[in-house]
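Chains: A, B, C and D, in written order; residue numbering restarts at 1 for each.
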């Protein structure tokens, strides 16, 4: 055990993992977090707390983690390289570990142009891979990137994200390999709509034996409307939504129900895919649907240790 | 070259509004070539300001000059009289020009008429794009000759990130994804193995983060014995 | 005192640009005398500076008249001319001066009505906007 | 030059409506500085008057002249010739077009006309003092060769007619075509490089295995037609789009095309629709009708900006419409677009309905015109411009019907845009004749009002080199711009764009232009 988190245990047990996301509020009020933690508890093995996602100022991910932990929910904190330099990132890692946070997802971060602070000075001292490399060394050797010793190193389980749908496609498995080499324990993928392309990526991942070295969580997004599907296709860089999915959403009588059905079907397909060790549900602004999806996908009850 | 762009005329006019006698100085180096501060631009700026003043009934006196390189004090000394004889110097050079004037004539005001932007390459006439940020430690021999620090919006060393879409950057579809380009270039050169390895965090101490930088060539420096007084270059 | 008459400068290329007033004259079309024709070999010769200087020196409006873009004697000259005019217009806009005071026109020597039409258009602009600056400001 | 000015007033045209008081004008002239002679003549074009004014000019040692009359091109050239003889530099004779710019247009307002004429005269006097005596130079053409690129229908005709003018013709033929031709026929040959200017070109030709240099006075481009490659935003967004001819071929070969079929005028709809020639529309209409005839339920839409078909082919439009072909017309406010993320839908604003229509298609074709694939390379090598439709663009009509913007290079046949053989041959004849005449002049006249670089000011920014259509500026040994005077056409584009103000056009400097403007503005009229 590297960190002894619930997430790590489920992975190690070989069971199919479920994670989900809780978006921290744009306010100083902890209530929405408490509400979601209570509602979602027991429906996933760990919950991502996003780090100022799409560069919008929100309650910090570490503070959010501390709040949901009080409700007995295990957090995965996201840490992007956009807003903090190496001093702040290492310091926050120590702080998070001290608070009992055991899962960290290392991300480069969305560019600030997408958010509500377009005039921000971006940091990008690290990128996600160098962040992983530094955090891994910190937890294993107690050494900072600058060489300084850390007496009681943080105990964390390290994750990364990878997007099989960003160009160049042929490099995407290599990039996962780099993340494995940098010390990642698990990987969440970008939301999958194009199963063919994902399957291709998984082929490459398997042929390099990467699925044996890293736990892969396939990302899914339940959609409410055809508009949402089109938005993701057209406006979200590095996201592929095939037309048949948009058409299916558009032609449905009840698009919400169709979105749920689609998501459950996708999970069924992914469950059968060799090398996929779990799913990561990104129900953006629709957290309350997670229990139903997990249940309909036959992923209940969640294992306990 | 250093690429700059004239500030909007309104901003310049506001900036210089309180002053009566204004000397506008251009530069024949980078900013002339990037069509921002050569003789033509200096004359046009002065003329446009005069037209504006005429319309608004304001009186100001302008002098238009161009020097060879505004970042060198010897060239500035050539127009010393005009600098000293004015209420304000409006520099149509990169910010180095305005600062050199300010550092050499600290009691005079030297305001920038240009916004200094990028170390850029003219892609075609009238289009300049950023290709270097002067980080002080060049690595482009390992990245297919393409600088990810300048050309990637996130200055990544292990790109491309997940926002690379059809070879374009997530920030703006008009921008090429630097790491996509690096991948393609290395593939062409048969050197893809270069980006299979993890690049360790960059040491930014050679960049501006290490504090203000000064580069010295000891062998070129003049000794105390060799130094001459302020002299004319012509 | 009677209001000052508009002062309009027209930079005309020596090809279709200068043929244009000749064609109008031949057809007996009259127009306002306030236009000052300045001949240039090609509108590509016109520098933004010439336009600004004209405004500085007392013009209320300036136009540049060249060959049709597809039939420019110097091939790309009237395209260059248009770009210079557009640049000056954007400078005027930045400076808070009505950019309508500066215009680019194209013509062919057979368009007899074109020159008078341009002059009256520019006169209208000046009549609408008023003179540029106060009386007697220009040196 | 000391500056002794003669002012000549012509009563012939200027006083016909009795509007301008020429006496007063000339009187005023006589009070001006440096004016040593004023003459008012009945008609300056009259040989007696010419004798009179030039005689007086000689007596008063005149070195500059202002002629208040008509445009220069209308005034009897004998006047200029006489002045030249009397050692007055021809570039110091300034013509003021009082007739067309003052008298005729302002006949309804004589007082203002008079004031305006006076101001124009004052401006001309100032201007003439700013002028410098210039020279026209001559360079011998080294050969009378006319090179014809392409041995097709138009090329052969061009060679034949050029030969009749006495030129020595050389046909450069890419293939192995053999035919009877005057002069030399070089088979298996291609143009690699070109240097020089009209009158003295140096071409590098690869003939078979050999590479050789060839001097010539004039060039005729007769490279013919071919098929265009598709580029432009629509073609980029939809990789499966076809040029019209391919759609045509496939349909004729009996292949069933996936419907609906959409034909758009051009892969680059932002480019001007004029580029899509009548020819292409004929084809489109024919194809649409054919498809409809084969199966009435084929779904065919033609999206166009402007459609013109040859003569009676216009009737096909009606026929197609009756058969149910859909026509959508757009303009610059709503050009067809394809979102790369949805490569099978073209959206376009329908002018008739004013709203944007989304057209889902199975097959997309462009009614773009077929052009020679070699065009781009040839245009590049000869530094002549292309049109957006892949043809080589011809020059201003004023330069002649088969001209290119570069003097000495002529173009004919389908290299411009596709045309029938008889038209191509006719063009070939004209091009050959003009090229032959050009070459038979034997000398290149140049100089006069051309561009000139002040090297100390030059930043070697290359802006002039990129802008000039004639390859006149180049970077010389001192790494500064210089002007190849023989190639300079005196347009002044480089002068107007030089960021360092290092280039001036002789006798049309910034100072002259701005001074003239200022004086004209000072006049109260």
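Definition applied: contacts are C-beta pairs under 8 Å (C-beta built on N, C-alpha and C of every residue); 3 or more make two chains touch, one makes a residue touch a chain.
Bear in mind the structure is a predicted one, so any value in this text is a computation, not a measurement.
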Most heavily contacting chain pair (counted by C-beta pairs in contact): C-D
Distance from the mean Cα position of chain D to that of chain B, given in whole angstrom: 39
Centroid distance [mean C-alpha coordinates] between chain D and chain C, Å: 22
Chain centre separation in whole Å, for chain C relative to chain B (CA means): 36
For chain A, residues that touch 2 or more chains besides their own: none
Sites on chain B at which at least two other chains make contact: 40, 43, 166
Residue numbers of chain D (touch at least two other chains): 467
Those chain pairs that satisfy the touch definition: A-B, A-D, B-C, B-D, C-D
Residues of chain B that touch chain A when the two form their complex: 153-172, 177, 180, 183-184, 195-202, 204
Interface residues, chain C side, partner chain B - complex: 47-49, 52-53, 55-56, 91-92, 94-97, 132-134, 137-138
In the complex, chain A residues that touch chain D: 233-234, 243
Interfacial residue positions of chain B with respect to chain C in the complex: 8-10, 13, 40, 43-44, 47-52, 54-55, 57
Residues of chain D touching chain B in the complex: 340, 457, 459, 461, 463, 466-467, 498-501
